[in-house]
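Labels run A, B, C and D following the written order; every chain starts at residue 1.
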Amino acid sequence: EPALIYDLGGKFDKSFNEAAYNGAERWAKETGGSYKEIEMQNEAQREQALRRLAEAGSNPIVTTGFGMSDPIATVSKDFPDTKFVTIDGWVDPAEHPNVLTIGFAEHEGSYLVGMMAALASKTGTVSFVGGMDIPLIRNFACGYAQGAVAANPDIKFISNMTGTTPAAWNDPVKGSELAKAQKSQGSDVIFAAAGGTGLGVLQAAADEGILSIGVDSNQNHLHPGSVLTSMLKRVDVAVYNSMTQGAELDTTMQALNLASDGVGYAMDENNAELVTAEMQAAVDAAAEKIKSGELVVHDYRTDDTCPAATF
Amino acid sequence: MDRLPRWADLTLVPLVSLLFAAVISALVLLVIGQSPVEAFKVMVDGALGSPYGWGYTLYYATSFIFTGLAVTVAFHAGLFNIGGEGQAQLGGLGVALVCLSLPWPHWTVALIAATAGAALFGAAWAAIPAYLQAKRGSHIVITTIMFNYIAAALLVYMLVDVLKPVGQADPASARFPVGAQLPALNDIPGFNLIFERPVPANVTLLIALAMAVVVWALLWRTRLGYQIRAFGKSEAAAKYAGINPVRITIIAMLISGGLAGMMSINNVMGEAERLLQNSSEGAGFIGIAVALMGRNHPFGVVLAALLFGFLYQGGAELGLWTSIPIEMRIVVQGLVILFTGALDMMVRMILERAFGLVRSAKAMRAA
Amino acid sequence: MDYATLLQVLDTTIRLATPLLLACLAGLYSERAGIFDIGLEGKMLAAAMSAGAVAALTGSAWAGLLAGIGASLLFAALHGIAAITFRGNQLISGVALNFLASGLTVLIAQALFRQGGRTPPLSGNARFNPVTLPGAEALREVPLIGPLYYEVISGHSVLVYMAFLIVPLTWWVLFRTRFGLRLRAVGENPAAVDTAGVSVVGLRFAAVAITGVLCGVAGAYMATALQAGFGREMTAGRGYIALAALIFAKWRPVAAMWACLLFGFFQALALRPDVVQAVVQVRVPVPVLDALPYILTVLVLAGFVGKAIPPRAGGQPYVKER
Amino acid sequence: MAAAADTLGRQETAAPFAIELKGISKAFGPVQANKDINIAVPKGTIHGIIGENGAGKSTLMSILYGFYKADSGQIFISGNLTPIPDSQSAIRAGIGMVFQHFKLVQNFTVLENIVLGAEDGALLNTSLGKARRVLKELAQEYGLDVDPDTLVEDLSVGHQQRVEILKALYRQADILILDEPTGVLTPDEADHLFRILKGLKDQGKTVILITHKLREIMEATDNVSVMRRGTMVATVKTAETSPEQLAELMVGRKVLLEVEKTPAVPGKVVLSVENLHVRDEHGVERLKGISLEIRAGEILGIAGVAGNGQSDLLAALGGMTNASGKITLNGVDLPLSGAGSDGQSRREAGIAHVPEDRHHHGLILDFTAWENVAFGYHNDPKYQKSALFMDNDALRADTEKKMTAYDVRPPIPTLEAKNFSGGNQQKIVVAREVEQNPDLLLIGQPTRGVDIGAIEFIHKQIVALRDAGKAILLVSVELDEIMSLSDRIAVMFDGQIMGMRDPETTDERELGMLMAGMNGKNTGEAA
């Protein structure tokens, strides 16, 4: 029986963790299997949760969020027969053969929504609200900025991070205040990559009558007519695949990108009116180029710099 | 109204309070559509049903003994130290700085140094509120609350801007060197017969128990303890007896803060082996419940800490295996504090009535 | 900092100061009557959850507000029973009720909605939406004043205006009415009130009830105006900051407003470290900004910024017969 | 007791009694404060109530005022059965009370205090306006002038008392109860008060006056009731009784407070005080340059009305407050502030101190007897087992010895202090301090609230200590006690020593004049 541990934002963050939940639910529905799940509430709980699940025989144990890497590195040694998955984290595969690291090319997906933002913007200013200020989130911002500049070289780009601790994932008040501040600086499309904080961003954008871009899950339905699109990060697929493989899980490190459909953008009836055919065509063309390798989006994490923006 | 006999005051009052808390908790569970019986089973099974569960129960209990003793010492000096949380966090910082400063040759050496660091930092964090209370009459409850928040902010700063290793995303210190890692109970000969798998409970448990004895001796066998208790009972009388209020306030709070800080050798050094954000996990606040429940006696504190260890591990199990949120344990904690600390008079009145009835029944039979 | 940024920060300040102000005034009534209340936080939290839940279920923000007030009153009544009826330790009672609220809100929200202790997002009439004050649009182009009126003063929810109106109202009640005189007296010397033939218990319960109502509004504001729904621990220590503001204001209503605006301003700045850096030219770590209200309060308590003398009978149960 | 009522009023005054209490009982936990009390007070009289400390006087009046609820009994006002469940009912029935401890809001103005609870409407303005007018009238009518806009905390005690009386009159009280009103007053203020009370009586109001001072009873009252240990033992017409008879009624047997002692044989100077000054926390000067000497083998008694600096003198000598000036003990200077000026240092120097207030200072009520015997002497080497630990066993044994020697009942060292009666508590304190065999014993109100048997015992201990060649400073508000114990008497007034007298050659009248701040010589001439 597999297990899933959600990160601090909680299972129903309508975003990252909820994507994981959806993947697990899909697996459960399709296979009729059941899985254990735990929501982290606190940094210090992580190791206990891992141990307890491993102890109880859960396998594989899928975890979301980079915060689990370090505890997994500790616990996985004590349970060599259990497979662990860290989504968004990184655990040295050489030392820990029973741990699978799954990463995403967030910059690629962000590039696409960045283009779309710039094309939709009437003010010529787009912005980004990040959760915790870590390289992973900067990678979102950087990809987004690159896409925006590609679509409109004169675009003005504003970026704010919510904080430096995991609390930054769950501070909707701050999210909406940052969104309002960005609006007053001229932004009319805001991309939120901030977990639960992002919900506040999307809410404020809807209140203020500007556009927002969701993240991880398809968040278009949250404020129909206000969410321009969502940058999809297929955590659900990663979870689904891991659970499907079960105890036989292949622990070769995975990097899910546009080409492997690991990232993308969301279109549905909620944003159909916001996205014009031309916009979609331009974005899809870029997507094809990225998939083919013709266009390379810079990954912030490789050198901690961003060609299109400074943080 | 009849007074309660001493034994009843010491045992029945906390037990009846606990009973009230349990009954209301059960009602809460019923209201949210859960079975209290099932929940209790899961808790008992998860916390006491296996050596593994005990490993966690004892681990939590260890922390709670420290914070419970901290609150107790302050209470005896007439001070309500609600700042155990912040002092524990600072204690954690002390532990981390000590552990990371040297390549420790052996855990025993590291433990002594880290204990000193934890106590020192915890005490230092209590010192300012203590000084302000003693010298400037600033209400210690409010200042210690403020210091909890300041401590949290300070720790964020230290972890994010100072202690976080380059390239690491989460706000945590580096791992402590091997020489600074404490043996868990499963590493200790004798205990390892019971605990076969790694458990978080570690040698700190023995230090906690030792501290309970030390605090007992301090309070009831030494001159300092005598002065602390006298001052706590009556500040005016203490002044008459030549007990320096400033000195006693500060010393009692230093001891209290030191004890709260020392809990960090359990969780930071013994378990996490690195300093995490919010490492104390509310144990500083639970110390209040533990001290109240333990009637401010170290022996009672140890028992109450075990009870809360059970509650915390059991509560975590609820969160793991049932759809009852882990917050259930906070509800129970709140109820215990309410009944033992704020509604104790109600509990006592009920008991006094009951005793009165028993007595008059006896008298009737005798007549 | 340019004018537009300043206005933006002030706008945020008003929004963030509002729950502080409501809670602070709430605490003022209780503490002026001699009942210490460190349970403001818990009452707000309980109110936020109830308001969020009922607004989600009924689709009416006003129903949510009533529910929030109801929940907060329940907690206030518990505090009253512990502190007044059973003459228990007021501080411990407050601590206990905060824990109770922290746990119960998640439990109930989870049982009701199964969304991890959140209530569903609110929209439309389930929220208190911003209202544009008369003339805001027209005056918008007037230099200086226009944007100030449009950005900062106008465009908040009705609860914000309510909160600021309660300030003069509180002052008037406290210093110009019979009730206020008695309330202040009972916090200074309950025996005087008692021998003057006025019920100490009745007065104190009345004060605690007002505290409950105002905390209820504060919590409802959090869930149905500032935010669109309840999330666990969403009050995030605001009850304690309000308490700090109350001490900072030395238990006076108008000063309380300024204190809450100041602390709200700090919170607004903590959201915008970039603005702070632009103004002071050095990077101020966010934790420093976060801790500022607490540090200031300690300084006030220490008597460095004027001595704060609490109501004399504060914190002590009124005991006639020992 | 009902008979007493009949002998008093009816045939003289046709009107019904202003107040009649029947069968009032009240217990506080184990303490039966009032037992089946009956009393009747005729209209338009001043009625005195006397009794020892703890006799239940205040309790009875608090019941009449609705502050406490009686366990049983009935109250009749002007002949009608009037239940008084709370103060509001008492006020409505026309009763006003001035408590022993004033019930004023310190940081309110006089006007606000007057109006509190007697407002005319929901808004303050009208009430305050009216009160200001009425206050003016009352001031003129009874000579009770106070500035309505002063904060109460800025008023002298005497003026605060006036505010209390005004409060009652503002509520149109016909019956005014005063609980020990003169205990805190200077003689002048007391005289003024009695003139006011006469005035009230002339207006047809009824006054109940509780006091310990037989002289005041004899001068001011029409009738007097005597309480003893919770019961009403007698009600008599003042004109038909004598102080001796009242004292006997009060205590339950003939009182002859003569202490047996031989003349003093003073030795060398033990304590010398020069120009001692003390300021309280508000900066008010409480001691204005006290100088005195006490020799070995003598008792110096300090007489004075409460609040004239006696407490401050004890506190300063005992190391409880800072002072300035000069104190030498056996020729050695003692620091008056900073290091070495605290109670511990004084004890080490050889000063023992029985404080005036045993509940607040002398004892820790929640501590056991043996812990209380160590109190203040906890650092004494004889109570230590090692460098670290106290020798609790030795302490318990020592305590048991002391308890037996001082006839403390029950002699159980492990019993908490709060479980002993007042007299026995006092014996524990006296035993602790006297048995230290100090060079100087400071002893304040040694027999306050203590029964006759214990008083005799404590007095004997004091004299024995003197005879052992120790110096003793005795402070007491009981002139009898001062007169019978002291070898010399100093009278304090307003933080100064008005004069030094020999108990053999002075009398109560002379001392009373000094206590009132008047020079003894002048009174002699006047008389």
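As a working rule, a contact is a pair of C-beta atoms (placed from the backbone, for glycine too) under 8 Å apart; a residue touches a chain by one contact, two chains touch by 3 or more.
For each chain, UniProt lists the protein as follows: B, C = ABC transporter permease; D = ABC transporter ATP-binding protein.
Just so you know, these numbers come straight off a predicted model, no measurement behind them.
A.B. asks: When all chain pairs are ranked by how many C-beta pairs they have in contact, which pair ranks first?
C.D. replies: Summing C-beta contacts for every pairing gives the maximum at B-C.
A.B. asks: Using mean CA coordinates as chain centres, what's the gap between subunit A and subunit C in Å?
C.D. replies: Measuring from centre to centre gives 35 Å for this pair.
A.B. asks: Indicate the whole-number Å distance between the mean C-alpha point of subunit C and the mean C-alpha point of subunit D.
C.D. replies: About 47 Å, centre to centre.
A.B. asks: If you average the CA atoms of subunit A and of subunit B, how far apart do the two points sit, in angstrom?
C.D. replies: Going by mean C-alpha positions, subunit A sits 39 Å from subunit B.
A.B. asks: What are the residue numbers in subunit C that touch two or more other chains?
C.D. replies: 117, 232, 286 - these are the residues of subunit C that touch more than one other chain.
A.B. asks: Please output the residue numbers of subunit B that touch at least 2 other chains, ranges allowed.
C.D. replies: Residue numbers touching two or more other chains: 156, 160.
A.B. asks: Which residues does subunit D have that touch at least 2 chains other than itself?
C.D. replies: 29
A.B. asks: What's the complete list of touching chain pairs for this entry?
C.D. replies: A-B, A-C, B-C, B-D, C-D
A.B. asks: What does subunit B use to touch subunit A in their complex?
C.D. replies: By the definition above, subunit B touches subunit A via 52, 56, 156, 159-160, 169-172, 197-198, 200, 267, 271-274, 276-279, 281, 316-317, 319-321, 326.
A.B. asks: Which residues of subunit C touch subunit A once you look at their complex with the stated criterion?
C.D. replies: Within the complex, subunit C touches subunit A at residues 4-5, 7-9, 11-12, 15-16, 115-118, 121, 123, 129-130, 151, 226-228, 231-232, 234, 236, 268, 271-272, 274, 286.
A.B. asks: State the interface residues of subunit D toward subunit C in the complex, per the touch definition above.
C.D. replies: Checking each residue of subunit D against subunit C gives 28-29, 65-68, 86-92, 97, 99, 103-108, 112-113, 115-119, 121-125, 127, 167.
A.B. asks: Report the residues of subunit C in contact with subunit D in the complex, numbered from low to high.
C.D. replies: The touching residues are 175-182, 184-185, 188-189, 191-199, 312, 320-322.
A.B. asks: Which of the residues in subunit B come into contact with subunit C in the complex?
C.D. replies: For subunit B paired with subunit C, touching residues are 28, 31-33, 80, 82, 128, 132, 136-139, 141-143, 145-147, 149-150, 153-154, 156-157, 160-161, 285, 288, 292, 323-325, 327-335, 337-338, 341-346, 349.
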